[in-house]
Structure formats: structure tokens, C-alpha cells
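Below are two complexes that have subunit A in common, paired first with subunit B and then with subunit C.
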Partner chain A sequence: MPDTLIPPKPITSALDSRFKPSLYARVGIPNSFSLESYQAGGGYQALRRAFAIGNDAVIDEMKKSGLRGRGGAGFPTGLKWSFMPLKDGKQHYVICNADESEPGSFKDRYLMTEDPHQMLEGMIIAGFAMRASMGYIYIRGEYVLAAERVWAAIHDARVAGLLGKNILGSGFDFDLQVHRGAGAYICGEETALMNSLEGLRANPRLKPPFPAQAGIYGLPTTINNVESFCAATQIIRYGWEWYSSMGTEKSKGNKLFQISGPVQRPGVFELPLGATFREMIFDFAGGPLEPIKAIIPGGSSTPMMPWTDTVLDAPMDYESITAQGSMLGTGGLILIPQNYCIVNATWNLVRFYAHESCGKCTPCREGIGGWMVKMYEKLVRGQGKPGDVELILDMSDNIGGKSFCALADACLGPVLSSIKLFRSEYDYLIANGKSQYGGSSRWAD
Partner chain B sequence: MLYFTDKQTQLADIFSRYPHTEQGRRSALMPLLREVQNALGHVPEENIAEIAALIGSTATEVKSVMSFYSTYHTTPTGKWHLQVCATLSCAIAGSDELWDYLVDELGIGAGEVTPDGLFSIQKVECLGSCGTAPMIQVSDVGFSECITRRKMRTQLEQLRAGANYLPDTVVPVFIQDGQQLNALEQKIGGKYSELEPLKF
Partner chain C sequence: MKVTVDGRTIEVPTGTSAIDAVFAAGLDVPYFCSQPYLSPIGACRMCLVEAGSPRKGPDGTLILDEKTGQPKIFWFPKPQASCTLMASEGMVIVSQSASVKKAQAGMMEFTLINHPLDCPTCDKGGACELQDRAYEYGYGDSRFEFDRRHADKHYNLSENVVLDQERCIHCKRCVRYFEEVPGEEVLDFIERGSYTFIDSAEEGLPSNFSGNITDICPVGALLDNVSRFRGRNWEYDHTATVCTACSVGCSITVDARNGQLERIQGRENYQVNQTWLCDGGRFGHTWLRHERITTPMIREGGTRAGAWVPATWDEAIRLIRGKLGEISSKNIGLYSHADITLEEGLALERFAAQLGTDSVDHAPRYSSASTLVPPTLLEVSQADFVLVLGADVHEEAPVLALRLEEMLKGGLLPARYEHGTAIADLRMPERVVRQRHKLVVFSSKSNLLHGKAGLAAEISGASALHDLLAGSAAFADIFKSLEAAQKPIVILGAEVACLGRAVLQEAETLVQKYNAKLLVLPAASNSSGLSHLQLVPRGKGSSLQAMQVGAALVSRLEQVPADFAGFLMVHDTHLTEAATRADVFLPAVSSYEKRGTFINLEGRALTLRGAAIDAGESVDLMGVIGALGDALNLKPEIRGVRSAQREFQKRLNIDLSSLPDEGQIINWSGTSSAATFSAATSSVHSSVTTMWKPNMLRGKNVVPQQARELFVGGDD
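Coming up: the complex of A and B.
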């Protein structure tokens, strides 16, 4: 990827010969996670460039690149960085959200196990840009190998003078620590994460104040996803022009997409934003192994989409997926096979959200954690009655937009979309006491 | 038995990760709980009190935090605590059958420990390995992924024979010489997205 090669026409397909993976470029290289290997591949050049151009220019490049947060919400990263107060004399923090618990998402994990320095470099650059002196990486507790590799990378970076006092003679001091979670999805919500890091129960905090004013320990804090920090490394290394040559008009850059469900090759693929579902599912994942009826496009919280040519040919970028009634989210596709009961699939996700509800606010604690999951259990057991679907819709109406954080709304994504798209399956199940379709029978020998 | 009495360097290391303030001290709660649980398999009552004293809090508050997370146990688990992911991608790939198999094979249900103390089982939510479903986490050691009946059987046999559990992780990322592998292009010699849609 020579810096001079800036294509005249935007890249919106990974089959475009000008496209090269950058975030996962080093995955698969022996010892890719070691500092020597990272530096041999040009690692920490972005940091040197950041020091050369100065902190304000870094924020400026991030804004121009068009990068939007890859943790799910898609908030413009450069803009977020510019919210940090510049001269308040307080300590500033940078936090990396490596809680990755959204069902269907598993991209951050391999960024950490296979290329942890790429993430560290992005965090150091972010710390430099936002005048922070300390950063935490909040890794979900179950990611044992990721935590080990990140710890080792921090250690090596300290020894090499890439962390600590006066980094590379720039006069900039910055250090990083790892904090490990303990199994709670809500810890991925940025303010809940801060409570968890402070040793409290991980209930979300009221916003405002936003983290940039009062985050961890009441001090200015910026929190980004692992992939966002890795993208920052690439942007500062190759420049915003290169980055924004990929993607569509409003959705710039490339993204890690994940796919699970019955396809030939479930896994992580790096594609420019604007690549189609068809490209992802067929060209890269090798196509489905059996008929599919629904696609969850961006992790469990995003509404299901029907398996139609219109959807398959839709570009995967923020605007197009929103126009199709769903969201890009984390880019974690889950394919639901034709013969898997949709009510059962939805119950599975409702149960997930019910289990993960933190219990702070009533609409979610009672609505999702109590009623919604009970309604679905009843339906799945074949004890549903006419009117139950209406009751679910009525409950959804009383939960949606009325809860403290986005978790409750996230649960309504699969609920409302499955009813909208597959109402006949609900009706059949209620009328007959059992589903047209079974559960899975796919467990191999 | 107190756990940290003779582990002052370890304690100092944990506290050094956070600010030297009252709030910072409290941040050490989760790493301290993890230390104890990793060593003892669960966090006994007296160690809850010990940790509370260390971070300047109370046992009730520590328990309140512990109960928030699914990882901490207050009662002993089996030597190998098998946590089966039950969320959608794993369910589609057969985690229900995997669970039933474990229940049959070990003769225990959720929250129980086999009489020999070797195994306990628990259903958990998405572990971030949906691309290699179905999968389980074994104690705090690591993941076993792409589990088949045969693989599960072999692993149980090995653990019963006293072997140590070794994480069995698959990286479902397909890169060769900096290029992503494209399964079908190789297989059918053309771009799949340009072909007729699949018919089953």
C-alpha cells in the first residue's frame, strides 16, 4: 500500500484489485503478535508520523478520514476526539472498549490475539491527540489469550520506549493498563464500562455529563472500540486521503465483517464499506450450506432482514442498511436457516437480553427481563394464545425509547423485525402448538 | 484462609495499575476477585471479607458487585467447569444437542458437580466466538471451538484420564500473502456474486 497510490474512483468491493486488507493484513504471519514482527512490517511508523504532524493535525486527519466508530453506534471518531477539553489541566484518559459481547461479533478478538500492537499504536496516537497520559483496555473476561497477548505487547512496548515517559523522544508521556471484565454484556456500554472499571456494579450512568467532560474517576475520557483504534493507526499511517478512497459517499473506509450461521466459511472478512451482502456471503464466506430465510446484518441488536435479492444486492454501509430497515452495527452477520423456527431464534436473543439486563430501569428490568422473556418462553413451549403477538407489540411500544440505555431497544430489534417479516410463523406456532420448523440438528459427528 | 497475606508483590502490582486514590483502590476489586477465583476455583466468604478490607469497602458491597457478573462463583465448581455458549449462532450450530450430550454423559445438570469433583456445567451467553460455533469455555483457561460430538468425547476422555486442558482455538480468518482467500473463486473459477443465485 504505497502512500502515493490514491485511486481516482472509490473502492467499494474487496474484489477490486486495488483493495488490500489493512486491519487484518498481518493475521496469519507467523508471530504476527510480536513487536519485532510488527515493526518489521512498518509498525509504529504511524506514531512517528503523529508526533511529526502534531496533536491537532492528528484530530484533523481523523475528522477528514470519515471514520465512524466501529463499536456499533457509528459516531464519527474524529469529532468525538475533538470533544476533549484541550487546556483544562486535568488528567485525561483513553479507554479501549474490548468487551465485544454482542452476539454475532468476534472481530476485536483476533485483532488482539494476532496484532495487538496495531491497537496499542492507535491508542498511543489517540492519547497524544487528546492530551491523555493514561489508557485502559477493558477486555472481556473470557478472552484469555487476547488479554495475555495484549499484556505481553504492553510490556514489550514499554521496554522499547513506545510507552512510558518521553515516548520516542517526543516529550509525550503515556501508559496503558489492561482491565478484565467478568461476563456481563452491559459492560460494553461505555458508561457501564467505566463503573465496572471503578469496581462498581456496571449500571450505565446518566448522560450528560458525557465521558469527554466527566468519565472515569470523573475526569475527561474518550472511549473507542478496538477496531476504531486499529483504523486510526492505518489512517495516520497512510493518510486520510487513502482511507476515504474506500467506501461510499457517506460511509468511508473499510470494516471487519463477521459471518456466522450455516455458511461454508464462517469467519471474519475485511471489506470496504459499500460491498454487498452477496459479495460477503457468497464470494468470501463461500455461500450458505442450506436455504436461509433471514440475515441479521450487524450483531444481534440489529433488526433481521429477509433473504431476498434486494437485500443481497444492497451495499453494506451505514446509510444503505438503515434504508433497508436495519443497522450496520458491528458488522456481525448471522444467517438464520429456513428450517430454524424464527420464534425460537428470537426467543434465544430475548433470553440473552433478559439475562444481560442490568436491572437499573423498570421498562427493561420488568419489560425485557420479566415479561418479554416469559411471553417468548410460553410461545416456544407451544402454549401461546391468539393475541399474544399483539401483547408483545404493545409491550414493545412501552419499552422502546423509554429505557435508560440502548440495551432494551437492542432487544426490540430482533423482536419487532421477526414479527414483521415472519408473522405467519408466529401464527402457525400459536394455532398448532408447535412450530413448522425444528431447532437445529446440525451438530456434526 | 486469607489468600493475599504472603502475596504482597502481587498486591502491589495490581494496585499500581490504578490511581493512588480511594476510587483507584476500589478499581482493584475485579482483578483481586479474579486472582482468588483462579487459584481456588471460587471465592469463599472469608476472602470476600479480605478483599473488602483491601479495597476499603464492605463484604456486602463486594458481594453486590460479584453477583452482577456471571464469572464469579461463591461455591466450588468442578475441576473443569464447562461453559456452553447457548446464544443464537451456537444454537444454530447445535449447542442444544451439545448441552444434552454433556448432561447425559456427565449425569449432572446446570450448577451441579460430578461426584468425582471433575466436572461442572453451565450455560452461558455469547462468548465472542460465533464463527467457530458451537463452542465452550473450559474453566478460566480458554476456549474449545468447532466442537463435534467426537471432539467433545475425546476431550472428556482426556480430562478424565488426568490430562491438562489445552485451549483449542481456531482463527477463522483467511489471509494468504496479504490477500483474503476467496473460497468459491478458487473452487469454481469465477466470481460467485456474478453467477446465478444458489438453488437448493
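Coming up: the complex of A and C.
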């Protein structure tokens, strides 16, 4: 039987000899952010290939690659691109969501500081595919170095004729603009981001109309995460077959995973989807430094998972983690050590969401921002009463699924999962006025 | 489209939101952020319902439930905000289940945790949406045990509007209102999360329409400062009537307490003002209660030098009888302000005819009226090109400016259902881009409309009109727009309309050339109605400016010619400048106290109803005419609203006593109409425009300063 008829086993481990890092391949090379270095490594080959195969073929390849949005929601990127009304003759926009604010996520930061051209190339390809002539990069305000590197990269690309009029003689015009946010988590929500970009208050907009119909300035717009654009560059460069050879059945490709907390080597690691938590934590991050009781798998808004063999041996892909009751999110793992109070850790996250609530809708503004945070503060101070946990659960029921955008639900992720997994800690704290792990916490002010 | 709400299957038009479907089914759902005529935003999350829809399979047919064989309903996993949920064919909505009630009560608990609950001292109490909804849908108790948010309380946002940030429930109605209706963004949220509060970054509220936010605020956060603390909502007598401050004729509710006018609120009229009012119409009523005279007065010693002494009507009539007995009835002049009702106008017309006098007039008025049928306000909002010549719309007919703003937004009107105007019409988005090219404004002084127009210039409306007719090359773009437009409208303001027949003729030629409609902004509130009556002077010296008569009745006009030496009867609410020279003062009722009919600028008849205001012995013009009839031993033909309405039934074949609430456009053709008016005015010396009565905001005139200057110069 010829080899070609047997589909090769998909790559689901970074230890597989066939796996080659692509997104982070150039991080660490001296001057990796310069145009010379990027082009020396074969940069802007993908753009040339895109021009050669044509814009419809690019969208087609993106669909076939199975890439799902890397910002957290995991919506198929190719499908999103195909929603753009391609022949309406209007101005189209491409926006890069670089407002990476989710606690536990820090992959986009290094993609921008270390390899900005990879992202720019992906944006130009996206603009070419979706007939857009303008792109915006909305960078989180705190990412000063990233903004400077991206600005410099845009400048270099313009000088080299990779941005501007008639790029590489293709007849395609495209330009990019950087916008720095002013420090609001809600700006990572795509419609709030567009409002912020327009100079309005960063409140999420009503959907429909979806951005592909009426986005920024009321014109068709597509927003993708930094990593999604970088992945697009790699997909167009190496082809969808290569990309979809990695990952599991429904979660294709590779992804950047981040790990923080008490581990040997916290940081960003590139793994194929379907790699296990164990591979990530032990083989790449070098294992925990102290006993761990919970894992947050995909950034602070995803529910906590217990530190068990079942979880550790579960593949990290969209479906498996959902089946375990959590979400892949941005792939930002946070390890919570055994000897720290879970209520205190959750309070730290609730404080974040209360602080970042935009104030548009009642359940988030009053429920999270006005009440939930005070409940946790009360518990942590040892002033909790029996019934408080039930009250938190009932409040969560009144908030969950009823808010305008996902921010309130994001806050409920750690709240509900911590109560579900560590109810005894809550009860101990309420009964004794202090945590079984002592009163202090690494998250206290 | 069929939708099932709690087991009731109803037919609703495509595009209906789920909240309107629930109301259409005769059920109720609480809401705070939605507001008719504003875009839905889904911020308060009160209007939660359970909803599900059938789905189509890959083969294009509905997926059927295996057990029942009916289309399977795919339910949303959680209750949805019905204001932002579009109803679809076959959708099933549950608004009354226990889980929906729990969700709504939970949301109410959140809404109330930072609300101060100071209802006993809050002016909104008794008419508060939050109070009502909390009572109907809340737990009745709160589990919130922490300090409430504290913010700035009751400080003046402007002279007329007071803000209490603690009471605000962040529904965003006021913010959306300013952006969407007048197009003046003067309020916004500041800060975020639970610290979010409403405020203005500027001094005050620089808008002519700021009072409307006090009507739409669902709580007592934004309150009418003029009526603040002057009564509880259940103490007011509410009277549904029409504002006569300008010629738009907005529907209002006049609230009186203990016989005193305390508050005016907007009332819905889809055709005219939607629900909005201008600030002049809303707040400018306090003049009425200050130094009002409500008894007849005569002079001590019978000379003008004598001091005023209160008298009975009998004494006043006796005095008038004595004076008028010496004068021929043809030598008596009858002059009135042009905001009288149609019925009063008819009484005046018939009484003048009975006296045989030529000296009858109403002021302010232009010397000529157009005979063309004006566009309706809805047509203005639907127009695709509007040319404004010599008008300061924000001053002359303020709410018309809101219809122009609607026109710039594309003229989308909210749907109407049996339960009223759509609560949430999902076709209305936030922040619509204005189509400024649809509006061109020329007037000699820049006004608020200039900033909204695609093309605007400070040139006189009359000269622009002249050049437009001459086909000036400078206006090539305008000609192109006029030709391309399907529904163009030309609006003439006071600056042009006061110039007389020749200029009006030019405007009529222009609109006929482009198949446009012509809207001439009337000089006073009921000018368009009175222009169809014989209320213009017919001989030399009979006009109000000349006033060469032996005796004159002057009703609610501020001035009389300086050289007038005859017997002067002044009918007014206050001791005006004219009254200081009068021989007898007869107390007048205000427009808030009258019953009758009013014709607005589109020719729509609207019903005035008298509010429960204590006006003492004051009478309307018909009452004064009755008194004059007594004095002259004449029986006036028209002695009351009913006899006047009987006469109009004959003339117009319309029953003015039972007009629909939205009013009715009157067809004047076949009556002695504006043609007569024009013929009569050809011999008239000039208009009587020096007789401006300051409008309800004392010291601030309805007609702009530049027009006033023109009027003072006269148009002869």
C-alpha cells in the first residue's frame, strides 16, 4: 500500500520530531525585529505567494487550514474572513487586536517586540484577501516597547515598498496605523475596541450588525488577534496542508502557550494543539516549584481545573478542555500553589474584573463591580457569614449569561470553579475567620 | 410573521423586537434603557425573557421534534434581553415563567444596590419607572449589606435641569437622546465600572432641547428644576393640550396644582413632536404666575393719569358702554395677538363684520401668505433635500429642527404597534452618520442649523432666493441636488417671509420649478389658521400701526402707536406697556387655560384644552367680545367655542370638537382663503410687526434678532 493513502498521524506533541516551531521560530535571534533579519529568514515570502495565488485562494487556504482565532474565542479565522462583503465596493478595514490584557496572557507582547514583521505580513495578506486598504493595530497602552517596535517595522516596511501604494508591484494598496490604548481590558472586546479606536467611550456595541457588516466607522471590518495574523503568515507561507498536519481533529495547527506561577521556567512555549498539560508543565516549563492545587488553563477568565492526572494528561485543544469544564482561551496557564488561599486568589481576579467593568450593563457594573468584589473582600477579611457562598452562587446565577458582553461571564469563571473545587476552603475561612493557609497572601496589597 | 408569546400566537411585522412582541401580545416586561424614538442598546438587562426559535436543517426544511412532529424549538441557554433580540418566524417567547421572574428580580436587585432609595424626597416619586418596576418585579428586599456608592447629589446641570448622580441607573437614555435627537452631544458617562456617572464636560447643557431628558429619565436623576419641589406627582391635575409658543404645536401635558401652573411635560404626537419639546415651551411658563392680573381694572377718576383700581366686570362694561356710546361702531378697532384660537379668530371676524369696522387685525403677521400646501412635519423628516432660506429654525419653530436632524439621519421612523410606538426598533442604530449634503442653509446670520448643513452661508435668504431663480452658476450644486431629489422641501424663515408678496412669489416659482414643497414658517403660533379668516384691515389708517380709530380693543399685544389718543381697552394677562396707556384693563386667560383649536405650520388642527389653572375673572377673546356686545347692546354671532365650531362645520365640513389626538390636516380649499387675505393685504399699509409680544421666556423673542430688526424697518 503506498504511503500516500495512509494519512500521517497528526502532530500533537512538540516533542514529535516532525514538529518545527514557526510562530516563535525567530524569537531569540539577535535583531529579530529588524526587516533585514526577517527577510533573511524568508520573510515576506508568504506575501509574495499570496499575490501569486490571488485573494480568493488566500481565504480558501485559511478556511482549509482550520485555524481558529487565537484571541480566546476560537472562532474559525477563514470563515470570519469570508464573512466580509468582498464585492460591495466599500472601504474595508483590517484591525489587529493587540490589546492583550487578560491576566496570564503575554504571547502577543513578544510576537510584537521580537518579530513584528511576521504580524505585519499577516495583516497585509489579510488586507489583500479581504480587499481592505487600511489596517489598524490597537496596542495595549502598557506595551510601550511593542508599540515602538511595530511603528519602526511599519516605517521600514513602507520604505521597502511592503506597505503603501502598489505593494511589490502587485497593484495592491495597503497601509497600517498603530493606535495605543489607554489601559482598559474591555478594549480587547472587538466592538469596544472599535469604539475606542473611533474616539468614543469603550463600550461594547450591539451585535448584529457584526463587524464584517458594519465595523469601524460603519464599514466592513475584520478583527483578529496578533497570533492569528502571525499564524496566517505561516499558513500562506507553508500551505494549509502543513498547518493542518498539526493538532487534533477540530483544533488544527500550533499555538503559543504561556505559563506563569511557581514553575521552573515560566514563559511562552510553542506547541501543537493537542499537546498535554503534562508536556507543557513538565517538559517545557520544567515542572512546578511547589505543590499545586489548581490550573487556570487559558487566561484568568477560564474556569480553574484541579491538579489531577486526568487533567494533566488531557490534550490542550479547544474540545478537550471544554469537555473538562473549562476553556482553552488564550492558552495562558496559571498555576495556583497548594498553600495559598483560593479565596484570596479568586478575590485578586474578581478585583481585576470589577476594576475593568466598563459600566454599560447592570449585571457587570453592579453585580461584579459593585457587589461581588465587596463580597470577596468581606470573605478575605474574615468577616464572612454562613450563607455568603450561597449568596455568591445566586448572584452568579443572576449575572451569568445575562450581561451585555462576556466580561461578567469571564469573572464568573474563576468564582464558580473555585467554589466548585475548593468549597471547603471557603467554608473554613467563614467558620474560622482566617484561611487555613494563614492570613497572608502573595496577592495582598 | 407569527410569534408565540406565553402561549399566545400573534402576528407581528418583520423586524419586530422581542420586547415589542411581548407588548403586542398584551403582556408586560420591565425595561429601563429602551425608549421609543431612541436606539435600543440592551444596557439595563431588565427585559429578560426566555426565547427559542425553530431552525432549518441542511435540506432547507424546519427541523422537527421527534416526539411531537412539530418544529423543534432551539432555546437560548439563558434568558435574553428582549429589547435587542429580533423576533423571527415561529419564535417562542416566554415572559411570565418563574425563571424569567427570578432573572428579572435578580437584575432589579442589582439595579437597586447603588440607588439611594430616597423616594420620599424625590420629585420623580409616584411617576418613577424604577419605583413601579421595583414594586412589580423586585424581591421587595435586598441582600446587599455594604455602603452604597456616593456621588454628587442634586446640583444644577443647567439653569433648568438638576442632576442627582446617585439616583442614576445608567440606562444611557439621556446620552443617546442628545446624540440621536438634537444631535448635540453634551452629556456622557465618565469613569467606568461601578464608578460610572453621568455628567457634562461643559458649563451647563448647551442645547435648546435639554428638558426632554427630564421626561425620559426613568428615575429622579435628571429633574426639571423649574417645577422641582412644587408638587408630588399625584397632586397634579394633568391636562393634555398643545403648546402655543410657536407654530409647531407640540403636544404637552400641563400639570397644575392648587390652581397654579407648575410643570409642562412632553406628550406623544407621532406626527408632530414625537415626544420632544423645546426648552422654551417646557420651562418658559413661569411668567404666567408672576404679577398676573385676574380682575378687570379701571382708572381712578376716569382719566389715564388715574391709578388702576380693581373693578367688577359690570363696572368695566358700564364704563365701556359710556365711552363707546359716543363713537360710531365703524370707528372701533379690534386687534389681537396671532396666537388666539381659531374659534376666537372667528368670533373676532364676525364681530368686526357686525360692527362694520375695517379696523381689525392680528399680529404678528406677514403681509402675505402662500397658497401652496405646506409639507407635513413627517414629510420634512422624509425629505431627501432641504433648502432653508432666511430662517433660524431653532428659534422660529424649534422642534422642526429635530425633524431636520431626523432627515439628516435618513428619516427612519420607528414602527408603530397597537401598544404604541416601538419600544425598541432594532432598525435604529446608535451614532448614525449624518447625511449633511441633504441640507443647505442660507441666512444673513449664522445659526445652529449652519453647523449641521452640508452647505451654509451667511447671506440673506432673499438674495439667495433671487440668485437661485436667476440660475446663478455659484449654485450649480444646489440645482443638481434639487433636480435629483424626489422629495425636496424649501423652508422660508421670517427674514424672507416678512419681505412681502414679491419675494414669496419668487419662492413659489422656485418650488414649482423643482416640484418641491414650500414651508413658510408662520409669524406666530396660529398664523396659518388665522390667515384663512378675514382678520386684516381694509382701509387706510385701520391697521394696528396706524390705528386711526376712536376706540380700540387690544388683546395681548404689548404696544400701541404712540399717537393713539382714543379710548383704549386692553385685554391681557399682565400690565404690559400697552396696558399702561389703557382706559380699561380686561383680564385675559393664557393659552394654557383655553379650549379651542389651533392650526400649526403644516395646517394641522390641534385641540387646546384648558388646564386647571386659577385665572380669577379672566376671559378669552370671545368673552371680551361678549362684554363689548353687552356694552353696545349687540348680540355677537359667535359667543363660545361651540357656536364657532358649528360655523366651522359649515365652512370646512369638519367637526373641530372631536379631532383625533394627533390632529388633522385641514383642507381650506373652497373657503374664503389666503387668496382673500392676499387681496386684502395689497391695500394694507404694512405688516404690524413692531408689535412683537415677547414670548413666554420674557426678554427672549421667538423671532430672532435679525428678523426683528427687519420688521422694525417695515416692509413698505
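The definition used in the following text is that the second predicted complex is superposed on the first by the 430 of 445 C-alpha atoms of A that agree within 3 Å, B and C clash if a C-alpha of one lies under 4 Å from a C-alpha of the other, contacts with A are read in each partner's own complex, and residues count from 1 in each chain.
Quick note on the criterion: a residue touches a chain if its C-beta (ideal position, glycine included) is under 8 Å from a C-beta of that chain, and two chains touch if they have at least 3 such contacts.
In this text, all values refer to a predicted model and were calculated from it rather than measured experimentally.
Student: Regarding the shared-chain residue A:R201, is it in contact with subunit B (first), subunit C (second), both, or neither?
Tutor: Both subunit B and subunit C are touched by A:R201.
Student: For A:A184, is the partner it touches subunit B (first), subunit C (second), both, or none of the two (neither)?
Tutor: both
Student: Touching A:D309 in the superposition: subunit B (first), subunit C (second), both, neither?
Tutor: Only subunit B is touched by A:D309; subunit C is not.
Student: Check the residue A:H355 against both partner chains and state whether it touches subunit B (first), subunit C (second), both, or neither.
Tutor: Touch status of A:H355: both partners.
Student: Have a look at where A:S403 lands relative to subunit B and subunit C in the superposition and call it first, second, both or neither.
Tutor: It touches subunit C, and subunit B stays clear.
Student: Give one of first, second, both or neither to describe whether A:G54 is in contact with subunit B, with subunit C, with both, or with none.
Tutor: In the superposition, A:G54 contacts neither subunit B nor subunit C.
Student: Looking at the overlay, what does A:P363 touch: subunit B (first), subunit C (second), both, or neither?
Tutor: Touch partner of A:P363: subunit C, not subunit B.
Student: In the superposed arrangement, which partner chain does A:W371 touch: subunit B (first), subunit C (second), both, or neither?
Tutor: second
Student: Look at the residues of subunit A and decide whether subunit B or subunit C touches more of them.
Tutor: Counting residues of subunit A touched by each partner, the higher count goes to B.
Student: Touching A:G433 in the superposition: subunit B (first), subunit C (second), both, neither?
Tutor: Neither partner.
Student: Going by the contact definition given at the top, which residues of subunit A touch subunit B in one complex and subunit C in the other?
Tutor: 184, 200-201, 355-356, 358
Student: Give the list of subunit A residues in touch with subunit B in this complex.
Tutor: Per the touch definition, subunit A meets subunit B at residues 14-15, 20-21, 24-25, 27-28, 100-106, 108-110, 113-114, 140-145, 177-185, 196-202, 217, 258-262, 264-270, 276, 278-279, 282-288, 290-291, 296, 300, 309, 312, 332, 334, 336-337, 340, 345, 348-349, 352, 355-356, 358, 439-445.
Student: Spell out the part of subunit C that touches subunit A in their complex, as residue ranges.
Tutor: Residues in contact with subunit A: 40-46, 48, 77-79, 81, 84, 102-103, 106-107, 109-111, 113-114, 143-144, 146, 149, 169-170, 172, 188-189, 191-196, 429-431, 433.
Student: Could you list, by residue number, the parts of subunit A that touch subunit C in their complex?
Tutor: 184, 186, 200-201, 205-206, 209, 214, 218, 354-363, 365-367, 369-371, 374, 378, 391, 394-395, 397-404
Student: Show me the residue ranges of subunit B that touch subunit A in the complex, using the header's touch definition.
Tutor: 17-19, 21, 23-24, 26-31, 33-34, 55, 57, 64-65, 68-72, 86-89, 91-94, 96-98, 124-134, 137, 140-143, 148-150, 167, 169, 171-176, 178-180, 182-185, 187, 191-193, 197-198, 200
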